Amino acid sequence: MVQKVIDVVGISTQGFAKAAENAVTTAAKTVRDLKWFRVAELEGSIKNQKVGEYHATVRIYFDVEE
Amino acid sequence: MVQKVIDVVGISTQGFAKAAENAVTTAAKTVRDLKWFRVAELEGSIKNQKVGEYHATVRIYFDVEE
Amino acid sequence: MVQKVIDVVGISTQGFAKAAENAVTTAAKTVRDLKWFRVAELEGSIKNQKVGEYHATVRIYFDVEE
Amino acid sequence: MVQKVIDVVGISTQGFAKAAENAVTTAAKTVRDLKWFRVAELEGSIKNQKVGEYHATVRIYFDVEE
Amino acid sequence: MVQKVIDVVGISTQGFAKAAENAVTTAAKTVRDLKWFRVAELEGSIKNQKVGEYHATVRIYFDVEE
Amino acid sequence: MVQKVIDVVGISTQGFAKAAENAVTTAAKTVRDLKWFRVAELEGSIKNQKVGEYHATVRIYFDVEE
Amino acid sequence: MVQKVIDVVGISTQGFAKAAENAVTTAAKTVRDLKWFRVAELEGSIKNQKVGEYHATVRIYFDVEE
Amino acid sequence: MVQKVIDVVGISTQGFAKAAENAVTTAAKTVRDLKWFRVAELEGSIKNQKVGEYHATVRIYFDVEE
Amino acid sequence: MVQKVIDVVGISTQGFAKAAENAVTTAAKTVRDLKWFRVAELEGSIKNQKVGEYHATVRIYFDVEE
Amino acid sequence: MVQKVIDVVGISTQGFAKAAENAVTTAAKTVRDLKWFRVAELEGSIKNQKVGEYHATVRIYFDVEE
Amino acid sequence: MVQKVIDVVGISTQGFAKAAENAVTTAAKTVRDLKWFRVAELEGSIKNQKVGEYHATVRIYFDVEE
Amino acid sequence: MVQKVIDVVGISTQGFAKAAENAVTTAAKTVRDLKWFRVAELEGSIKNQKVGEYHATVRIYFDVEE
């Protein structure tokens, strides 16, 4: 068995954990058997001198049947 | 056009996202045209054997007019 | 005086800050004089295509009397 | 909203900027809403003791509608 | 010409080289013109206090015709 | 004698070297005795599916009289 | 629940996978509930101009009951 | 409360610790409430085939009142 | 045979080498067969605008009999 | 067969690609069978407040007959 | 006494440990007093959709008499 | 003009700065026009539970005439 990895940037106005959750939720729409994620980068946009959105770039691992 | 980058350590008792937000809020008092931030380090103080404050060192990018 | 460092993976369903807090809370049961922590890695398990638990691997620094 | 990231190696005989541009041009043929790229690695082949081709491995971010 | 890169986690009970080989073998089923791989991470599961499986996360480069 | 370091993101439509040059040119308007720069990151915006601008984040070292 | 992490250097004359296995085997003698390892460094001694021993520094994760 | 970070290259003929000290001494002339430093890079010039000066690039953290 | 690794922060007012030595001296009180150390981080406290103490975080390797 | 690697800093007033090319050209004078290069660092000197020369530190791989 | 370091890419069809061994064997033909190696990178070529050769880039340390 | 880079491990019982100086002194015996060095790693041997020797692995840059 192998796993594949995709990189997704989750975005949220609520924080980094929610941003990571959004990345997983979106990946789940097109990829099955998601298993694990690892945060690669945490960033954010600033609008009108305030944090606009939190961005969490996550590497998502999923099982692949051979 | 160019951007400049400053490093600010935001501090909060509530979590890493709030700590990053505090960094941005403080930077906004002295620098205009903030655009983006990237988390460089997440740390925290421990007091009486509990998390005291969350620290988020963020690199903040802002536009500079030439 | 010196400090020692231990690596602990805190786990939480609520987010990365809570996961880091759990790591500190557990370390506090067996080690005295905790002072500081630094996040080494943020990860998470995925169950039924949703985030299961947030994992924060933190390096915890504590004072050691000589 | 989320973003996804793909890694593409652009190749050019003219330099690193052109190599990065080729990576973006190729990605644009199969992916919509490209937004940003970040250089991950710069390399090159050597042929007959001279630079053959410049290679720019770029991470390309694109918007994904949910 | 460009190359694209995919990240695959090969898994094997025999060792890291075999794990990398399994990653390449699986990638070969869905992607043509594989050229090169680079190891990004070596890990492993532990079961009953023994190494269960070796995991090799490899970045696999393949040619793309434009 | 010491040196200080500032981080500037130079931006150009022509390439990474020109982007770095723009960073230096802008720094030169407000800081004296620039000596050296080191590239920290190369990035770029994408507009209408083409490279918009090349960004070079450079760390610029300058002498400071004590 | 939390996990703790210890760093162990496994040593073997047979290769890196066997060296990692030796690290796990030794850790298993004093620590329960080992779960996962990650290779941090691969090195080796050279004796009489030949590889003497392969060294695999592995970070070993184990469950801790609270 | 927040902290800000500046990067200063201390220079000394006596060694790395003295170079770091010089960086702190210079920063102290223009910035108040210095708290901590972290070494980012250790380098040195070579003159007449001998070490000329030791350079310590340090990141210096200081408190900022809001 | 295997080795284990512990992380210790040596502290000294005299410099980084002395700080590393203090880390080793303290480790020697509780661990036998110390063999090697590697510097992971150099830092320092600042008091009254001067360097207070130099901190050297060292990874210390020691032999473990099986 | 094996390859060896040398590190060369190419220097040019025209840009990073030309600097890398100069590194390869110089290496070609004393080493045969050059195959590949990888950029390790991009830097530059500043003279009279303008970019003086671009420096590209490249790792050059070449075949060695056994 | 000092040590010098050379970078060699060992190549083998059998695995990473054998590739590292080949690097050491080749270095031993031209350099005396080899002492230690550290793996810098693990890669591999792919031919006909299968692993062709494993490549281990190793940094080899050897003693130099003054 | 180009520069080349060699990696040398300086060793000293007195500290890291002296170890780096020894690396430069040895390089000066066989290479001309040394210009600059950068510390890549700081390590040390431990003998009889005390620091034996400090090791500084330095990358040394020197000018090469074409």
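Every chain is named by a letter (A, B, C, D, E, F, G, H, I, J, K and L) in the order it is written, and numbering of its residues begins at 1.
Everything that follows uses one rule, which is that a contact is a pair of C-beta atoms (placed from the backbone, for glycine too) under 8 Å apart; a residue touches a chain by one contact, two chains touch by 3 or more.
Note that the structure is a prediction, hence the values are computed from the model and not measured.
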- Note on the structure: Note: chains that touch chain E and chain G both are K
- How many steps does it take, at the fewest, to get from chain F to chain G if each step moves to a chain that touches the one before? 3
- Please state the rotation angle, between 0 and 180 degrees and to the nearest 5, that superposes the Cα atoms of chain B on chain J. 120
- Note on the structure: Dup interface of E-G (contact pairs over half shared, numbering-based), picked from D-J, G-I or J-L, is D-J
- Roughly how far is chain I from chain J, going centre to centre by Cα mean, in whole Å? 37
- Query: Rounded to the nearest whole Å, what is the centre-to-centre distance of chain I and chain K, using the mean of the C-alpha atoms as each centre?
  - Reply: 31
- Item | Mean-CA-position distance for chain C and chain A (Å) | 21
- Residue ranges of chain E touching at least 2 other chains are 6, 15-17, 42
- Item | Chains that touch, pairwise | A-B, A-C, A-D, A-E, B-C, B-F, B-H, C-G, C-I, D-E, D-F, D-J, E-G, E-K, F-H, F-J, G-I, G-K, H-I, H-L, I-L, J-K, J-L, K-L
- Task: Name, in rising order, each residue of chain E that touches chain D in their complex.
- Result: 1-6, 59, 61, 64, 66
- Within the complex, chain H is touched by chain L residues 15-18, 20-21, 24-25, 28, 32, 34-39, 42, 60
- Note on the structure: Seen from chain E, its contact residues with chain A in the complex are 6-11, 22-23, 26, 29, 55, 57
- Query: Contact residues on chain D for chain J in the complex?
  - Reply: 14-17, 41-46, 49-51, 54
